[in-house]
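Below, subunit A partners subunit B and then partners subunit C, in two separate complexes.
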Partner chain A sequence: MKLRRVKAIAAKEVLQIWRDPRSLMIALLLPFTQMFLFGYGVNLDLKHIPTCTFDREGSQQSQDLFKRFQASNYFAITRNVDSYGALVAAIDRADCKIAVVVPPDFSERLNDVGTTSVQAILDATDDNTANIAIGYATAVVQGYSSDVQLAWLDRQGETLQQVQPLVVQSRVWFNEDLESRNFIIPGLVAVIMALVGAQLTSLTIAREWERGTMELLISTPVRKSEVMVGKLAPYLVLGWIDAAFCLAMAGLWFGVPFRGTLLTLFVTTTLFLAVVLSIGYLLSVLIPNQAGASQVALLVTMIPTVLLSGYVFPIDQMPWFIQQITYLIYSRYYVTIIKAVFLKGSGIPELALPILFLTIYATAVVVLALRAFRKRLD
Partner chain B sequence: MNADQAAEAQVVAENLVKRFGSFVAVDNVSFRIARGEIMGFLGPNGAGKSTIIRVLCGLLRPSAGRAIVAGIDVTRDPEGVRERIGYMSQKFSLYRDLTVEENLKFFGGIYRVPRAELRERMRFAIDMAGLAGREHAIVATLAGGWQQRLALGCAVLHRPPILFLDEPTSGVEPASRRRFWELIHTLAADGVSILVSTHYMDEAEYCDRAALINQGRLIALDSPAALRRTALGGELLLVECDALGPALDALTQAPGVIDCSVFGSALHVLVADAEQGRRELPAFLASRGLSASRVERIAPSLEDVFVQLIAADTTKRREAA
Partner chain C sequence: MLARIIPIVVKELIELWRDKWARFRLIVPTILQMLLFGYAATYEVYHVSTAVLDLDHSQESRELIARFTSSDRLHIVKIARSQADIDDAIDRSDAAVALVVHPGFAELLRKGREAPLQVIVDGTNSNTALIALGYVNTIATGFAQDYATDLMERTQGVKGMRQVQVTLEQRPWFNPDLNGRWFFVPGLIGTLTLVIIVNLTAFAIVREREVGTLEQIMVSPIRPAEFILGKTVPFFLVGLGEVALIVAVGVLWFQVPFAGNPLVLLFGTTLYLLSTLALGLLISTLCTTQQQAFSTNFFVLNPFFILSGFSFPISSMPDVLQWLTRINPLRYYLVVIRGTFLKGVGLDVLWPDLTALGVIAAVLMTMSILRFRKTLE
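Presenting the complex of A and B:
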């Protein structure tokens, strides 16, 4: 490999990128818009679920219960109805996700019998939201219920300690506020880098074939490795710029806590870029037209990274078979790494295994791309 | 070709065959190109001219036979060959979105032209192509003739001893074509061996030797003068007479006549011996009640030769098949 020829290829590529607004747009605008769209769009926290109340009793105690719903962050009472018909209509129009109904004998039964029930009606078209909402609603009702119980015990002269022998005190580590954003945004950086990286390089060889410049290039003594390194180098720099930009946005704009070191981030991100840039390059070698290569690049980076990298869907909740497939998804390793670097402050020694996998992956793709590129027309 | 010339041969093709599936694109072609020689490849589109050139550049692997360029077997060491050749492909293949200077710098880097020399070589290429003052023009904005000369400039930047030029003058206006051939001659005078293909038959005149290729086979290879003299397998007579049709029929059967065809308002008659024909044909026609106003020996143009040879070759193959 001769440095002179690598430099000539790289310099030419830089000029072509600079003069082709399309690649510059992909490189600089796409990460920015994606970061914003996904950063704000993907949020698994349910807050302020629109709630409808139907108070069939109208007592002090029923209002107390609703106040607790209102006081919780999870619910926002947007509507008070006075008939089942109005309640059904509110759910049908999707004005509310959940309706809470207090029976007409609520306080009476609570005081006399000691037990009663409230009804929750949920819009379960989105079963995930419904499940979470019912969980929160149960918690609110239980909180109210135990307060009522304590008040009753208090009246009987009993003390708190005697009724609650064991209390779980949970401490949440790494993502103390359980903000889903904190774990989604670092993974999002991986998704965007995979998408943009492979897109950029998927055009580079296909462009030469399409414009008819490849025949002359392969008639020169330039080596395959020189073409590859020369062509990928400028995109690695672009990738660094994009990565720096996305990571800065994650930390500074979206406020994801950053506890690792920049060195770890730099080493692992470069490794990941090497994988995605080489995948794009390999596709460009295999598919000699720009449109085709970029479509396939989108397909093989975006879909597996979004679905199987653990960026938003946890891998350990997938069926066993699918979990095995995720080991083949390069983004899985980077998503693991980047979440750990951001939230746990892990360093290179702790991340040795995913780093090793990424290295193996990068080597394999580079070897494949070198073998696939032929300096011949037949 | 004697032993000295053979030793000096820069390009040697021996029984080259290139098949694409069942289609034979190059069929047992052999030739040599000496140092400083301009070899022209002529023939109809699809005859296999580009395929032979691509085999010699190592872009296509020969199905059989050997190709030796600058003393190196192309199949064994294609990169070694590529260091020593300059190539202009049929389709313009410089970077159109780069400037004149950027293209030259790129190829200077790819061929590792010593940095101390590069500036002077670029100057040479720019002057040769007549592009002085347009160094910073984007190539896409240049006219066809300029683009082609720049492509030649890029191909000779590293002083290759051998040049392969695949239809460098196609689509270029006549004045630019002439200028291009002057450049080729200048390079050959410096000892560069040049293989140039063209579909303009008249350009064969500019070559030291011309090879005529039809359906993948080399059907004639000689200097333009020798081709004119001997390739037809006889000498050409122009016969002017009143009744063209009957005269054509009669002459086809005349002794010593190889072929006869209508050419404008006269006949072109191919005979074994022109002098004998001039003496005997008028009498032969008279014996059939026909008269010739003029019988004269003419020199065939290369176009005559090529048209005749290609037609004969195509007929022969159809009969063989």
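Presenting the complex of A and C:
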């Protein structure tokens, strides 16, 4: 490999990028718009769940319970209904996600028997929202229950046992406030890099064919490896700029805590870019027209990265055979790495395994791309 | 007019069917994406990997841990020997939840004092962490309540000691097992048809322009309206076919229930397909090459997915984005789809969404036809 020839190819590619507004648009506009769109649009945190109450008793106690729901940040009581029909309609029309029903004998049972229950009817079409709402509602009712218990014991004038013999002391690590943004946004950087990187390089060889410059390139003494390095180098620089931009936005604009080191981030990001750019290059070698290559590049990067990398959907919850497939998705390793670098502050030693997989992947793709490229016209 | 349109429709359909690549693109990615989404896209939380450290080694601590072991929500992957083991397991993501019972746990319990159960959760995935914490709380509360009743009976010697307690009964309607597939699979009807129809329409017209056949059509006696109809009707039929395919796979393979009236879904689908066709037409007027059409589609369609409630709840978005979802036909179509599939509601409930879909379809159609005429002239 001669540096002079690599430089020449790289210089030519830079010119081509500069003259092709489409490439520049993908490289500069796409990360920006996608970071904003996903950064704000993708959020799993629930607050102010629209809540409907059906108080069949209308007592002091039932109102006390509802006040607790009102006071909680997670529920917003949007409607009080007075019939079961109205409740069904409210759920059907999605005016509320949860309806809390207090039975007519609520306080009577509480005073006479001691135990009573309230009903939570949930619109479970969105199972995740329903599941989280159940958790919050249970906590509200439990809080009410222990206060009622305490008050009752107090009235008995007894200094009895502690009502709650067990307390759960939970500590959340890495994402202390449980904000979905903190894990979605670092993963999003991986998705954007995968997308942009492969899109950019998927055009390189196809462009030579379409513009008829391939013949010229073939007639020069340049070697296959020199073509590849020369063509990919400018994109690596673009990739670095994009990555720096996305990562800065994640940390500074969206406020995701960054606990790792920039060195780890730089090494792993470069490795990931090597994989992504080489995949785009490989596709470009295999598919000699720009439209086809970029479509296939989108197909092979977008859906697997979004669904199978663990960026929002946890891999360990997938069926066994899908979990095996995720090992083939290169973004999986980078998503693991970037989340760990941001939130856990992991360094290279802790991340040795995903880094190793990413390295193997990079080597394999580079070798494949080198072999697939032929300096022939047929 | 009809006599001139039908031949175009038939020609387009035959062309589409003869084209092996087109046939492949219509069916294979659809099925693959359905399988991927059906199996991989889930926020459900089962078998959370859990590490346990019991430093008390008492009857009570073992009973408490046994409750966690027997739950299918948690999966004990590691019995740790020291606090360092626990920290390590969480650091390495071997376990997402760790339960620690400190020495003296049973003694505190027996005395009726507050005994702590320490829970460490890897909050990296906040959604999983939140749901897992909910499970841990439920199991621990169950243990505490049983233990309290038992203790009172033993120490007070009163059988059936009164216990004051309010419980919450859950009634998750429409999806009682909180099955994530029931949420995602019907939604695919909206997202997959959006991509397919917008792409097909935009590409077909841009191709005519690229190849130069659009000029030939302009000089033929065919009117612009006829040309548009001839181009869009076949894709409308293709769209209906896609919807039927996705519904069939969803109901037969993934066993998603269909509770509502198919005619309501068909009506909503018609309005939605009109919007997607208009969108494709509109994009085709903005692009001169298929390459441009492709990147424009990507830029335009991505916001449609994110801002629809397909995967991420609209109510959690900032106000500006929530407002933007109101001009997104996919948002309303998803309400219609999930309403007919899971809720089994009809026109009486869905009319506002269907009206919105109709308005959007009409506006988009008018815009695209006006623009398209202009480009033809």
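Please note the rule applied: the second predicted complex is superposed on the first by the 368 of 378 C-alpha atoms of A that agree within 3 Å, B and C clash if a C-alpha of one lies under 4 Å from a C-alpha of the other, contacts with A are read in each partner's own complex, and residues count from 1 in each chain.
The rule we apply is simple: a contact is a pair of C-beta atoms (placed from the backbone, for glycine too) under 8 Å apart; a residue touches a chain by one contact, two chains touch by 3 or more.
Please read all numbers here as calculations on a predicted model, not as lab measurements.
Superimposing the complexes on subunit A yields a three-chain arrangement in which subunit B and subunit C fit side by side. Touch criterion not met for A:200: it reaches neither subunit B nor subunit C.
Using the contact criterion defined above for the overlaid structures, shared-chain residue A:116 touches subunit C, although it does not reach subunit B.
In the overlay built on the shared chain, the residue A:317 is in contact with subunit C alone; subunit B does not reach it.
Residue contacts after overlaying the shared chain place A:350 against subunit C, while subunit B stays out of touching range. After overlaying the two complexes on the shared chain, residue contacts for A:33 are found with subunit C alone; subunit B is out of touch.
Comparing subunit B with subunit C, more residues of subunit A are touched by C. Applying the stated contact rule after C-alpha superposition, one finds that A:180 touches subunit C and leaves subunit B untouched. With both structures placed on the common chain, the touch criterion links A:131 to subunit C but leaves subunit B unconnected.
Of the two partner chains placed around the shared chain by superposition, subunit C is the only one that A:149 touches, whereas subunit B remains out of contact. After the two structures are overlaid on chain A, the closest C-alpha atoms of subunit B and subunit C sit 18 Å apart.
Subunit A has no residue lying at the interface with subunit B in one structure and with subunit C in the other. By the touch rule above, subunit A contacts subunit C in their complex via residues 22, 25-26, 30, 33-34, 37-38, 40-50, 65, 89, 91-94, 110, 114-132, 134-135, 137-139, 141-142, 144-145, 148-149, 152-153, 160-176, 178-180, 182-183, 290-291, 294-295, 298-299, 303, 307-308, 312-314, 316-319, 322, 339-340, 343-344, 346, 350. Residue ranges of subunit A in contact with subunit B, taken from their complex: 2, 4-5, 7-9, 11-12, 15-16, 19-20, 211-223, 375-378. On the subunit C side of its complex with subunit A, the touching residues are 29, 33, 36-37, 39-47, 49, 64, 90-93, 96, 109, 112-131, 133-134, 136-138, 140-141, 143-144, 147-148, 151-152, 155-156, 162-176, 178-180, 182-183, 289-292, 294-295, 298-299, 302-303, 306-307, 311-313, 315-318, 321, 335, 338, 342-343, 345, 349.
On subunit B, the positions that touch subunit A within their shared complex are 20, 54, 57-61, 78-79, 82-83, 85, 87-89, 91-98, 102, 105-112.
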